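In what comes next, chain A is part of two complexes: it sits with chain B in the first one and with chain C in the second one.
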Partner chain A sequence: MIGSNTEKLLGTENHRKLRDSRVLLVGAGGIGCELLKNLVLMGFGEIHVVDLDTIDLSNLNRQFLFRQRDIKQSKATTAVKAIEHVSNSKLVAHQANIMDVDNFPLRWFDQFAIIFNALDNLEARRYVNQMTQFLHKPLLESGTAGFDGYIQPIIPGFTECFDCTTKETPKTFPVCTIRSTPSQLIHCIVWAKNFLFPQLFAPSGSTTTEEDLGTNNAEEIKRIQQETNEFHELQEYAKAGDETKISDIIEKIFVHDIEKLLKIEELWKIREKPTPFYNVVVGESLNPNLNVVWSIQEEANAFAHATRKLMRRMVVEKQIEFDKDDTDTMEFVSTAANIRAHVFNLPRKSLFDIKQIAGNIIPAIATTNAVIAGLSALASLRVLNLIKSKSEIKPLELNMAFTAKASNISSNRYLSNPQLAPPNPRCPVCSIIRGVVHIPSSALKTTKLSDLIESMRDKFLYPGDISLLDKSTQRLLADYDFEDLLEKTLAEINIKYGTILSISDERCDEEELRSTLDLYIDNGGDSSNFELPDVEVPLYKALKAENDEEEEEVEENVVQQASTTGEIIVDQEEKSKKRQLDDAWEPATKMPKIDDDSGVILLD
Partner chain B sequence: MSRLSIYNFPSKHLAMNRFDRQLRLWGTHGQQRVEAGRVCVVGSSALSTEILKNLMLPGVRDLTLIGLKSESYIQDQFWDFASWNIVQMDWDANRMKCSKFWECYALVIITTGNAEVRDILRRVRMPPTLLCRVSKFHGFLTFVSSEPHFVIEAHRQHQTADLRLDRPRDQLSSFYCNLPRDPLSFSEWPFAAVLYQARKLALQEKASLKPLNREVLRHHISLMQDELSKNGQSPNLSEAYRFAYLALQNSQHIPENVRECLLLKDKPCTLPYNQNFQNLLRALCKYMSLPHSDGQLPVSGAIPDMESSSKIYNALRRTYMEVAATDASIFGSLILPIAPQFPLDQINLFCKNSRHIRVVSPVKNISTLYDFQGPKSNDTPPVLVFRSLLDMPNDETLDKEHRWKYYPVISAMAGFVAQETTKILTHQFVPIDNTMVYNGMSNEVSVFRI
Partner chain C sequence: MAAQARMRSARVLVVHLGALGTEITKNLVLSGIGSLCIIDDKVVSTQDLETQFFVGKEEVGIKRLAAAAPRIQDMNPRVNLDFVAEDFRNKPDSYFQQFDLIVATDLDSFEITKINNISRKFSLPLFVAGLNGLSGYIFVDLIQFDATDDKLKSSMPTSVGQVSERRDVLTVLDHYNEEQNKTYEQIVTRNIYVPFEKMVREGTLKGKLTKRQLKRLTNAVPLTLALLYGTEGSKHVTSEILKEKAKKMCVQLGLLPENLQQRYIDQFSEQAGLEFAPVAAILGGAVAQDVINILGKKQSPLNNFVVLDGISLDMHIFEL
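For the complex of A and B:
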């Protein structure tokens, strides 16, 4: 039934093309489940589904291929199982991370006619975008947040790529604000989740003493470092499961540590002083309503309650990670944040609200996902030029689509559909020339870095000083005064399949320079040696140093313009938020992140 | 029927419950409405199945599907109707020509163009109804109801802060007047206090000959900055500078959306929600005529975040909340004589949102829809698409070639229909007003009123 339907719609020729197409769906979550169903019912020949995640109770309000009994099972596998008995397509499930180079080398992506992104995080979106740029594959990007959603077809070389517009990155805070001078509830939440919780229950997350704390106050720096050391004692309590120590823990973090902060007078000249949480007597009564702000006594009771439960689990589990859907960890973080807010005279919030902030929860409903998956599936027929009655559509005649916030309908903007923009000439991703180096694994062990560089110079015409960077790890491999690695083999310096090398022309005083070239190292090739791609690297006019500043400004304008393309729904103030849309944005890794280098704490 | 509600469980279950991600859109009270709303879908097709799925997922518990014998749609096995608890029945003209049959439903969704269904339902008094169809590439959706649809929580994306600086309640003005006044403490004032002060100074100086404007206010804010420190910008004063327009609001102005609602306060309505809402509107009229209200709507109580000392900010927040609580309790004393035992949480919700209440006027009845000819002379394409879809015979009378539909179009339309359904059931967000046409060829959505 599925086949005959589509054949009538597309015509025999196009239908045959569709049946011969292999497509990739990255993500089997909210949009992914819907999209998989649409792709199956449209009759694509072969569909691969990749998702690393497992099913959670909170997915079941929208991911219709999953049932209660499937909780903790693989999303990709379960989704395929749920639909394969009605499918005329070959379905392949991969429970894996799409960024895993060993599982999914670049050439693996090359087998697909089109790639659908139904992802929940920026990192993986960027990665797939980059792969499609290497391969010149069409990509259908999509995302939702509550009633908002978007689709964006990306045709490499012809249209804007995912990174042509700036995307919102996670908020960061200086360490000192988190550790000694919180001024908003969110600082207390970050403290509880990214500092206090791992200190007690996931002791591997070490805090170095060398980090930049974002303050120059010597006394404050000393205190922060002391405090870190003092926590070792508390860790021992947590590990030993000694529940009699819970009141000591409360005393230590909400009284003694605060008293010590108060002694650093410099801090409180321009700030309101905190008030230590004296004389806490932990009681038994717990407030069952998670939607209201509890009394401070109820917070203290619940804090003790959650700590006790976590201590008991520590005996068995040895280490516990924060997870917003793990009630004990969530209650611990929420109560600790609220008690700290109380100490610093900041407004508190309900557990329900704190969960949204700490877990970075983006609201998600079935209906928006259904709309977006429908639009995405239909757009794929346009991108592949499979619609019978339509003549060929040029990339820039394709549309993206945004669904508007429900309440904006009165302005007749249920959905806006701007045409795609051309690539941003200053895009850090798609403006770069790219190619693939094929190299048999034996040659990795025999080829010296200098051999590779010399061949690249000859083939792509870099006559003078160059620099070579390993983009995957951001490490410098060679430049005019760093030649230590030249005589090593590629294997010795850890260049492997999946590595992206970036070669730049570093000559001074030249009017024209060769553009930067990115090269993906991949298996294959017919000879025993490496094979460089046949790409032409153009020249560009070198900019004099004094022009740099002016250029920066221009760049900002360009990016601004690009990000406003077709933006009618969201007005000025909200602009920065627009691209935060996500299919239930969940961080790729649930580990708390403390970024040691930059001295900021990431709220992931 | 009594049901075991997930909300009666201890809190732990709520914390991890399956609806967490959508509670963040419409709250537990919205979710209760979703779960309590009985919805009936007429017509059995891929479209109606997709709609049912999209309603089952967010938690609508009582779903009915009325199929037509002539329909040949085969339900694919992955549509797990058994686990969705869907009541299935066949179209029965005798039974379904009485309005009694329909009145138990909060919403009816008609997905079929079947002539008998159309002819019978246009003569029956129906509950609020969504009518929708899809063809190959197009789809439409119309909201039909004999009564207006009221919304308390419109969830507008951009709300201006409700500060009432022009005519503050006594409690607020005494708060603002009693802040520490030395120039050094200016840096601790929240911007609302700065604006109040700037406004006061400006009025004293000008003897109110010329109207107050942003420039005058900003001038006074700069003077305060100078008193504080000649160099540098205090963040709270920059905020005051930026939000100067908030001191120029006319708190006695009643927004158009509120006046539209008030006009309907005595229109005969039978839907329980509407009767409740009209009681609130009547109480609002009384409230506005009290000296206490000063011709202003109840204060919402919510204020935006402001740069300031947390002590002063917390006190300010408390004061606004207290003022809002007073307004709500006076409002409550007015509604109780009209409607005894009116739920307190609804009174508070209404007062909090009184500036943003909305009314949508659906198409009056199905006949109006079929009688709609559109502006004949200059029919715009969406109206033409709508007419052709409305007049399109049902699948069983079409030849095969015209029956095929693009599945993605069905999927997207079913998403739109279910989305509007949840808005109608929760009375949150503003539903379609009142007809929407989707053109899958150009990927355009048009909205117009019939």
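For the complex of A and C:
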């Protein structure tokens, strides 16, 4: 483009590089929409957007590329269409899960110059972080919670990775969990506060539910949509102030809707079925003690009581917003959540406890997303060395950034921008040596596990005493007293493309141990056999005395159970968490702390 | 809630629909502001396609407002929008009186002074923001504003009295949050602001920052102010002229002129007035959030000058 601003800013050569770059954006939600817009305007040559989700009504107040008419459509596809009118880039949308190895094998990630994470959940963040560690690919990580937000460039091998510090990432819940399959009381509270309450007492089209639809089940999506429509009817009752309809409301939400859910058998294959709240007769007795868990009859009485009061107020106020300090709204939400918990056989809590949880649900803020997405896009220029007149940047001179003023950390800094820290030498993710095993699909069926292990011993100098773990499924495949799978083929024990194997030196009397190696199983290789990567696996000094103690403690937390096929399931999650908590190494606590004690929830 | 009611009844004017105007408009329209008026008389250029998303490739050459209006309205049909395709400088002072707040973007220093005189005349809060390539700034003049903040009470209770030259704690009220079993302080702080002209000509950091802070301060601060110092159409300044102005600005601010780096001077002389989308997104987000805060009377507003260095990501708030 002649007279391009970007070209002036970056210089002709850098601008050309930018135009030739292919980048990946993971997530097309709150941050993702903003980031896509920035990347398109900057003029990256090719931008791939991956998001599995579809658009929900509740996204419209901040995900600015989406409109009412786009509800139920794919986020990735819609976002791309919505920015095409100004785009000079090749845009590719993928409605898929980034963790789906069939769609996105490791080598697929390799085509990108940089990867932008704009995700709302820890699992996918960790996964992408891990992929970038395998590929030594720069990653721009970002996140927001209310007014707090951060960006962090990650240069594998040189700077802290996503898992180097324990991040207090807020929990998020997909719509289907909230609307169809709650498994914790918190899901019921979110349902009552962000879905049921606004449906009844806020004007239509302005509900404040904040979730993303997290399901592909067409039947379930249809049900959620239908349910939404039916609530308009309930809202009419609420508006009319017809108190005789209260029992109809109870019947509708705690019996009919549950019966409808029960019909979707798919949902209950692996879950306990809910029990509709049949034959409720509302009484007058109310329990005045807010600190105890009420009986289910008392909950029902109080629910009717609160609904009646809110209906009367609706006549005058026309619309009511939830406020935890508004007794009527709080009682409504608390009782509705508890009755739903009862229906789903979940433990209930006192109104006092629920009030605390409900008050901590943090709404997503559009402007925080805008600022963070701007920072993410801007920071990528330095990571990719596209800044004019800047000499080659050293990774540790790069800056991360997080909100300071908005997070009440500082009154004279809008942002804090510390330089990146080096990798945590004890990080469970990036301190590990990694490589890719290329293996033709035919060899998966012929290679025995023992062949693979022997080759690894030869090539990487592992001793006889090792353990081999399938990290993708948290299965133990082999160790000193578990040899049952050794003579099976890789295909037989379900090792496939995308599987990550982890081999560790398990000797306990040595001063020096071979480092742990993670291997990604990928398609390829010219020969008929597998090819191990050319990586060096160094020795490290075992910290004996401390280790023994730690190991004992860890042992208690490791859940081992024999499964039907003779595999052993190891709860690695628990193990690594424990390690981090007990770790003497102090991570630089640079991020604004999001108070996690009382269960902060971010809804995006 | 009172805050939301104030948002819904607010009438805000955005001057110019450039990169910043676009970002600020997007954020305010999403937030459900009552009504928004945009004044802009330019036509869509190819450069606009690198920084704006309410205009499209097909619309190069037509008025920016005409191109953008349908896309803005489509984002939130409930916001009352008013598009005025005129030069704001041709409007009489009285025109601005109908608004509750003015956000002005892409102005030179004379235009800023002009609009600041108007905002002061009618006691209107004013936000000014501008871009200089990888850098950008925000200037705020709320004249006088009492902000209410809730803060967790620490072992060092907040005391009533002056916190800085322009900020004064008027009252501190403790209130106990029984669910959290914590005590909060409700702090009312009076913010005093100065007009743009006074800030640029007399603003200093002497006595406001520590020696170390002054030494580490990004060159973007004196250079941004040098660009704002009384030149018409600050967009074209040679490196030499800018260097001289920046040196004087360093003296005024209490910075060491020898800390000015040629690399930064060149960057600013080349990039003065250039728009860049990610920088606009950051500043546009910050301006819009502050507008929402002050309309809702929540949280302390910016007081009064913010500079972003888009390379180091330094973004300080100065009382100038």
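Going forward, the second predicted complex is superposed on the first by the 342 of 604 C-alpha atoms of A that agree within 3 Å, B and C clash if a C-alpha of one lies under 4 Å from a C-alpha of the other, contacts with A are read in each partner's own complex, and residues count from 1 in each chain.
By definition in this document, contacts are C-beta pairs under 8 Å (C-beta built on N, C-alpha and C of every residue); 3 or more make two chains touch, one makes a residue touch a chain.
None of the values given here were measured: they were computed from a predicted structure.
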item	value
Partner chain(s) touched by A:85 [first = chain B, second = chain C, both, neither]	both
Partner chain in contact with A:363 - chain B first, chain C second, else both or neither	first
Per-residue touch tally on chain A - higher for chain B or for chain C	B
Chain B versus chain C as contact partner of A:330, first or second or both or neither	first
Partner chain in contact with A:288 - chain B first, chain C second, else both or neither	first
Which superposed partner A:183 touches (first chain B, second chain C, both, neither)	first
First (chain B), second (chain C), both or neither touched by A:442	neither
Partner chain in contact with A:373 - chain B first, chain C second, else both or neither	both
Partner chain in contact with A:111 - chain B first, chain C second, else both or neither	neither
Which of chain B and chain C A:321 touches, first, second, both or neither	second
Intersection of chain A interface sets (partners chain B, chain C)	1, 5, 8-9, 34, 37-38, 41-42, 61-62, 64, 67, 83, 85-86, 147, 352, 355-356, 365-371, 373-375, 377-379, 390, 399, 401, 405-406, 408, 412, 414-415, 417
Residue ranges of chain C touching chain A (in the complex, touch as defined)	1, 4, 23, 26-27, 30-32, 46-47, 49-53, 55-58, 74-75, 133-134, 151, 179-180, 263, 266-267, 270-271, 274-282, 284-286, 288-289, 292, 299-300, 302, 306, 308, 310-318
Residue ranges of chain B in contact with chain A within the complex	10-12, 14-25, 28, 50, 53-54, 57-59, 74, 76-78, 83, 136, 154-158, 305, 309-311, 314, 317, 400-401, 404-416, 418-419, 422-423, 429-433, 436, 438, 440-448
Complex interface listing, chain A residues touching chain C	1-6, 8-9, 34, 37-38, 40-43, 61-62, 64, 67, 83, 85-86, 88, 147, 321, 323-324, 352, 355-356, 359, 365-371, 373-375, 377-379, 382, 387-390, 399, 401, 405-406, 408, 411-415, 417, 598
Chain A residues within the chain B interface of the complex	1, 5, 8-9, 34, 37-38, 41-42, 57-62, 64-65, 67, 82-83, 85-86, 146-147, 183-184, 272, 287-291, 325, 327, 330, 344-347, 351-352, 355-356, 361-379, 381, 390, 399, 401, 405-410, 412, 414-415, 417, 570-571, 573-574, 584
